[in-house]
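Got a structure for you, written out below as structure tokens; questions coming shortly.
Chain nomenclature is as follows: A, B and C, assigned in order of appearance, with residue numbering initiated at 1 for each chain independently.
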């Protein structure tokens, strides 16, 4: 099993074996790691080669345009960085045109926002040194999708690194080298956004339905263990399942923006991190919190072997907190499992999450079909099943 | 897919007076993918061509620019971030040869590459099939190339696609060699966050919250 | 500029047009928010160094050729670029007058480009967001597109298609015509502050009793029987339509020309000669009908290009001479096929038609006047837009020439914008039914009902009696019952 995570990754090994060396600098090396499964890589290349021979670029484009959307990321000099179909090379002249359009309007002292025709909508976002573009059948909220995409890139590189890289390496630098291995995360940041009902509401997070007393026990347990560890700089704890949060605890005075939360959710939802009996320690920039520095995320799926898809994420600003947070996790898991009634309910809730029931807001109105509830201060969203 | 090593991609810009035959040269060299006559509208055609260097595939993103003053306002956008610049002139047209200096200077000023003295240029002398009308000898072209730091020179024509291939192959090979000389990407440590609780806006929640 | 043989019957006396629209606060001048307007023929600019030759017309005139070339080039590039993302089926679907279009939105401007005449020509317009703000005009892309398409159709009605100019050989004549027409028409273009009205682009019909309507129809039948040269007829009372035989493609264009240009300019003389009002007259063409002199120069009749499909096949453009005869408040517009041989409308024909209509028309007009006068329409306490796409019938309290009034002041710009957004985002073009209730932040209610493709938009000002959704639902059904019963639910 291999891992790929943004900005490099470290798998401290299965079970306890990684913990011993976790204090050393070496074990936190965050250089680029490219650990693709060799066999699957070969298959990929073979597949691509076949595809290239059989498919002209025009056919490729025709096929891609059947898809609901296409995302392009490029440098200001028109150099391809990402396209969600993975065909940057074949589409590279298209990238150049996108770059020139943005530049053309900029030279007129203006900013290009959208181009559309009868049934295609193209949104642009220029965040120097990058240009983002999405082509979609539907016009809704494309601007926010590009913001999400931009912040996903920032979460991998941070704003300061992104801004410096072209200065240091020259305008012809190929940013794909730095983003290697993160295509899947970039892709899922938009696809999950589009696929989720939370996209109805700006920057929100959706909450997994749970019994309130169970949720309270979960939060108190997480808060208690995290607080007791007295790790200065360990700020947040989140329990996630199915891209929804079961509970979120935070250290005094610090809050996590929903968009940052969604970046964390997107990261831990990547299949490569869903390891049983293992934890992952990875740097991640949360741009709404701080776009120049990195958090370190302790990620574990404590009950993966029991097919309970809950993920515990603990975030610290200190890169030497792995051991401490590993202890916090053990404490949390122990306490949660110790309450068998809770644990039974919790497992049921995350294994097969129910949508909120309409009866939960009363049955006074027979014509009520469905509801969406947004808490403005927490930005948490609840969505009911339809009647 | 995410682990697949990306193909190298090079931005190549083609400059030269209008009428030296850049477009027809490119037409025989590349598939006209999505180019749609952008030259007349936004000042350049954008072409794609894969070349094979040993076991690696390199994609060339070729910017074939209009040799017109009219689109010069976009110059920086065209030139910026180029990996290589192809200069083209017409061997039967001495004026197009004389313009090379200004095209080269223009490029270096606008693109402002990191190492202007060693930036890779290639010179193409086109229309060598019209030998009887030749106005620029190959010797003269070669000595110009020498004076600019040994720019490679290729004589080409609409019938001699072979040399065009050779020129682009050389471009790709040269760029790959440069790339391998580049030092490691980002041996740096990510910046750590310095916490300043006062900057975090917050309600006065007690301890942890959910 | 070369002189044009037709009399300059369009857009004379622009100032009087302006004065006429007494409710001018319903509209703004297009030119006041205009950034640029162009017509390009891309094929003419394909050669390197000759890119500027694609520019056929550009406003503002003072713009540098470089800037004109950039603007038209960018527009063409946008068309090509978006073609990449359309499946080939989508690209080839440009039938009749549903022009293929592109829109570009920048921080400062809204652009619309339309491709016309088999994509051989590109027309474009950009409006300034800042100027639109100043004019309290909510920019709505579909309305801008309609205005642009209408500008083209108006040109086509008077001069024929762009392609008919054979511009390869005769570029300068084509450019002169474009300049002649658009330099005059663009400054006169108006935009409704409720952009939906420009977008829907319907015509206002006069509602009248069945017997009276039959009266009009039989008059028209008799007229056509008596004078078989007359191919098409259109009948208006004041500035409302009663009857027409034109293609629906032409109807809004010619209706707009008559009600906004020709009729307002002839109101003046009518008022002066009050004692002679029952006497009919031609609004264009010769004044002196008693001789048999040929109609030349100022006396010749206007020629318009209209769609004809009388043999049941595809519509094609055909030239007609237009005769506009007015008596009291009634206008009969007659179209006679025009050909270059000597079979055109003569002074004698005009004289005979005049003799026929003189008595008949004034009688009908009097009866219409009586019926209209007896109807007292009280001002409403809401605003409305009604549109039936199958008849193109439109009526609105927000129209610039509306006789139906509302007590309510014009809705603020953000409410008008919300109406457009609601229609654009929540009411599907292709669906025949739909309903939507929207409350603005300032407590205006917007109700959209679509039944059998007929569209009703109600804009209801804040009031204590309309605070809940239930209130507004009952208010809506009350309004429909009392004001739209006859036309809305059949």
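Here is the rule we use: a residue touches a chain if its C-beta (ideal position, glycine included) is under 8 Å from a C-beta of that chain, and two chains touch if they have at least 3 such contacts.
It should be emphasised that the depicted structure is a prediction, and the values quoted were computed from it without experimental measurement.
Q: What is the chain whose Cα centroid lies farthest from the Cα centroid of chain A?
A: It is C.
Q: Looking at contacts between chains, which pair has the highest count of C-beta pairs?
A: Among the chain pairs, A-B has the highest number of C-beta contacts.
Q: Would you mind pulling out the distance in Å between where the CA atoms of chain A average out and where those of chain B do?
A: Each chain's C-alpha centroid was found; their separation is 35 Å.
Q: Could you state the distance in Å from the CA-based centre of chain B to that of chain C?
A: Here chain B and chain C have centroids separated by 51 Å.
Q: At least two partner chains per residue is the criterion; list those residues in chain A.
A: 61, 94, 97, 101, 104, in rising order.
Q: Which residues does chain B have that touch at least 2 chains other than itself?
A: Within chain B, residues 34, 38, 42-43, 73 contact more than one other chain.
Q: Which residue numbers or ranges of chain C touch two or more of the other chains?
A: Touching at least two other chains: 70, 74, 77, 81, 84.
Q: Which residues of chain C touch chain B in the complex?
A: 42, 45-49, 51-52, 54, 66, 69-70, 73-74, 76-77, 80-81, 83-84
Q: Could you pull out which chain A residues touch chain B in their complex?
A: Against chain B, the touching part of chain A is residues 2, 4, 7, 30-32, 34-37, 40-41, 44-45, 48, 56-58, 61, 75-80, 86, 88-97, 99-101, 103-104, 107, 158, 160-161, 165, 169-172, 174, 176-178, 180-184, 215-216, 219, 222-223, 226-227, 233, 235, 237, 247-255, 283, 285, 289-290, 292-295, 317-319, 377.
Q: Touching chain C in the complex: which residues of chain B?
A: Checking each residue of chain B against chain C gives 18-19, 23, 34, 36-43, 66-68, 70, 73.
Q: Can you list the chain B residues touching chain A in their complex?
A: 1-9, 11, 31, 33-35, 38, 42-44, 46-48, 50, 59, 61, 63, 73-74, 76-78, 80-83, 111, 113-114, 182, 184-195, 197, 200-203, 205-210
Q: Touching chain A in the complex: which residues of chain C?
A: 70, 74, 77-78, 81-82, 84-88, 90, 100-109
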